[in-house]
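In the two complexes below, subunit A is the common chain; its partner is subunit B in one and subunit C in the other.
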Partner chain A sequence: MIWQQFLSLAGSYPLALRGLGMTIVLSLISLALGTLLGFGLGILRTGGNRLLSGVIGAWVDLIRGTPFLVQIFLIFFILPEFGIELDAFTAGIIALTNLAACFICEIVAAGIRSVPIGQVEAALASGLSRWQRMHQVVLPQAMRIVLPPLVGQYVLLIKDSSVVSAIGLTDLTRVGWLVVQRVPNGLLVFFLVGVGYFIVCYPLIMLARRLERRMGAAHGEVQL
Partner chain B sequence: MTSNPKGPNDYDQSGMTQPGLTKTGMIDFRGVNKWFGALNVLRDITLSVEPREVVVVCGPSGSGKSTLIRCINGLETIKDGHLIVDGQRVGDPATNMTQLRTEIGFVFQSFNLYPHKTALENVTLAPIHVRKIPRAEAEQAGRVLLAKVGLADKVNAYPAQLSGGQQQRVAIARCLGMRPKIMLFDEPTSALDPEMISEVLDVMVAVAEEGMTMMVVTHEMGFARKVAQRVVFMDAGAIVESGTPDEFFSHPKTDRSRAFLSKILRH
Partner chain C sequence: MLENFSFRTIVEYLPLFAQGLVTTVWLSAISFVGALVVGIVLCAMNLQRGWLFRAPAKAYIDAVRATPLLAQLYFLYFGLPRLGFVLPELVVGILALSLNSGAYIAEIIRAGILSIPRGQVEASVASGMTYTQRMRLVVLPQAFKVTIPPLLGQAIVLVKDSALLSLISVAELTRAGQLLASDRFMPAEGFLTIAAFYLLLYYGLKALAVLSGRWLGTAGARA
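Let's look at the complex of A and B:
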């Protein structure tokens, strides 16, 4: 009985690989775009423009305060009502990118705010331009604060990508649902699905630790 | 000078500029006012600093002396009056403040070195990125400057590995790297342990003796006597008294300056 289930599972491995691939591609694209967008938003959020900062803050609160499943339904099922037709993959990318950008925006803004005002004043006094101050002085210091929660957020977002299975994208989670219809052993199937996610996420967790150590050393801290 | 309260429009007759010269000072405050909310932190400041002049600003805590010099490079904005620095009007939309700041070195009480950069990188950052000096050239100049402030062996040290006095000397070298026309010092030795104060003051004396235009907020009277041409005493946002160091320390004219001096000279 168990043996048959294993054989049947083994037969599903091309599907499983496809699902894993979809999860990875979806995550990679939306995390890359979300990081770029999130840094941009975070910088604007802490910039001088109050209106812009307020609008970004409101949007971030809205996205953080509503379930991702609802957001993805809105993008996939409601936007077409207004004439914007999106395929499931594009809709998934947009929804995940937006979610990532909002969380990353707040992480980046917190990091920027943690840099002492004296640092900005020193950079100002040296005649550095706005971009140079950000790039040379503020962001490198903010990164030390940003990096650990950022990579932690990546892990959460990769796991959140499982929600795209709800609009029919064949990611790892949906593969689980498909396989469990043929192999009626939910515990085994979803255990393996979990392992799949863990395989993707664990290197990131390791990476976060390494980066943290490296940033610490680059900061000239005396190692005890 | 400003102890007689003249309006900003009387400036040209106020005797600050030499008669017959239309040239303005390197730093020119004309009837400058500033408020923090309801608090009048700068009251009708009129003060002119000539090129190569060293002016020491002193006064009790909260008297507005830090605010005064922070206005010069636009770290604080003024409410009314005119402030002309190196011929350019601070706060005027037509003035490129970023450009003007490259001509003004500013030394902070708390050093504000970039903690993620070495001493040399702190010194070369602005020359490379703002002055567009080639890296190799900037690094060579940076090494010379660090040697000049006595830190030739700390070129590759991070700020966290340096003492307060060493950090402040790097901060001075960082300003000098831009070859500024003006150097402003905001209580540069107040955050230092006593045994480190003189190493920083020695560097400042050397900078002054090279003919730098300087405004220094400090209570280091030894420094003032040695290099300052003028001491300006502030209280409650106004310039109460100004004169040569000898005049000011030996014959303070006002009760407030006498009271202040008796407090700082008691020890």
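Let's look at the complex of A and C:
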């Protein structure tokens, strides 16, 4: 009986690979777009314009305050009412990119705020332009604060991508759900699904930990 | 556009939303208490010197953190009956949320305990305190202060995560929105309303986090 289940599971490996591929593609695209957008929003959030900063802050709060599942439903079912027809994949990308951008915006903003004001003043006094100041003085220093939580956030977002299975995208979680209808062994099927995510996420978790330790060590030196 | 947006339907379905909101609140509360228990046990195991308790705790925490809650939820939902445990969806959901959040809470508590300067521990050893006294009188009261704000943060995450229970048809808030969306084909009314309710919970918990930070004097404690 178990043997038959194994055979049946082995038979669905193309489906599993497709699911894993979908999870990876979805995560890669959304994380890349979300990082770009998040950095942009983070820089604007800490820029001088208080109205803009307030609007971004309010949007980030709205996104952080609602479940991702509800956001996906909103995008997938409501945007069509505004005449924007979306397939599940595009809706998933939009939802995940927006989520990524909001969390990364706050991480970047915190990093920028951690750079001592004297650095900015010195850059100003040296006659650097706004862009040069950001690009050559503030961001390189902010990156040390930003990097560890950024990698940690990537892990959370890859895991959140599993929620898009709710609108029918065939990602890794959805594949597990499909397979378990045929092979009634939920423990085995979702153990294997878990292994798939673990392979993608665990190296990133290790990386985040290493960055954090290195950051902590660097910090210690400064303080002593 | 949303010119047909029907407030009347929302009002009509208000009892359903209220019921969903109440369910979300109490199932999150129970799950949070469960997660605290799981977290404290895991953290105690993780702080032992020997590997016998440490290794399984670490493995569990890593496994939970590297896999999505939805997969964990399905693992229990489709897997428990296989082991002979046929439980109501609600119980499976609370179990999944507790086991998931517990792993994160274990790390929060550990960070809190490790944040106590070693001099404090050395001083209490020098004062002749036993291990229990040291923990109870010196380390834990200080660690408690540090852990409250991140614990509230985890509570916010847990409330939002509980939306996933709608996918195993637990009648909580998100499920109420789905019902309105599918019964009356009114996704905008359904999902915007529950989003508003979740925001209510979010801002409430966030205010609590800010207040607790002020009471405990940990707000802006960044030296």
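Note that the second predicted complex is superposed on the first by the 205 of 224 C-alpha atoms of A that agree within 3 Å, B and C clash if a C-alpha of one lies under 4 Å from a C-alpha of the other, contacts with A are read in each partner's own complex, and residues count from 1 in each chain.
Operating definition for what follows: contacts are C-beta pairs under 8 Å (C-beta built on N, C-alpha and C of every residue); 3 or more make two chains touch, one makes a residue touch a chain.
Because the structure is a prediction, the values reported are computed rather than measured.
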{"item": "Superposed model, subunit A: greater residue contact from subunit B or subunit C", "value": "C"}
{"item": "Touched partner set for A:D87, first subunit B, second subunit C, both or neither", "value": "neither"}
{"item": "Partner chain in contact with A:T173 - subunit B first, subunit C second, else both or neither", "value": "second"}
{"item": "Which superposed partner A:Q119 touches (first subunit B, second subunit C, both, neither)", "value": "first"}
{"item": "Residues of subunit A at both interfaces, subunit B in one complex, subunit C in the other", "value": "none"}
{"item": "Residue ranges of subunit C touching subunit A (in the complex, touch as defined)", "value": "1-2, 62-63, 65-72, 74-75, 77-83, 160-164, 166-167, 174, 177-178, 181, 187-188, 191-192, 194-195, 198-199, 202-203, 206"}
{"item": "Residues on subunit A engaged by subunit B in the complex (per definition of touch)", "value": "116, 118-119, 121-129, 132, 136-137, 140-141, 218-222"}
{"item": "Contact set on subunit B toward subunit A in their complex", "value": "73-75, 98-99, 101-102, 104-106, 108, 110, 112-116, 118, 125-126, 129-130, 157-161, 171, 174-175, 178"}
{"item": "Subunit C contact footprint on subunit A (complex, rising order)", "value": "61-62, 64-71, 73-74, 77-78, 81-83, 155, 159-163, 165-166, 172-173, 176-177, 180, 184-187, 189-191, 193-194, 197-198, 201-202, 205"}
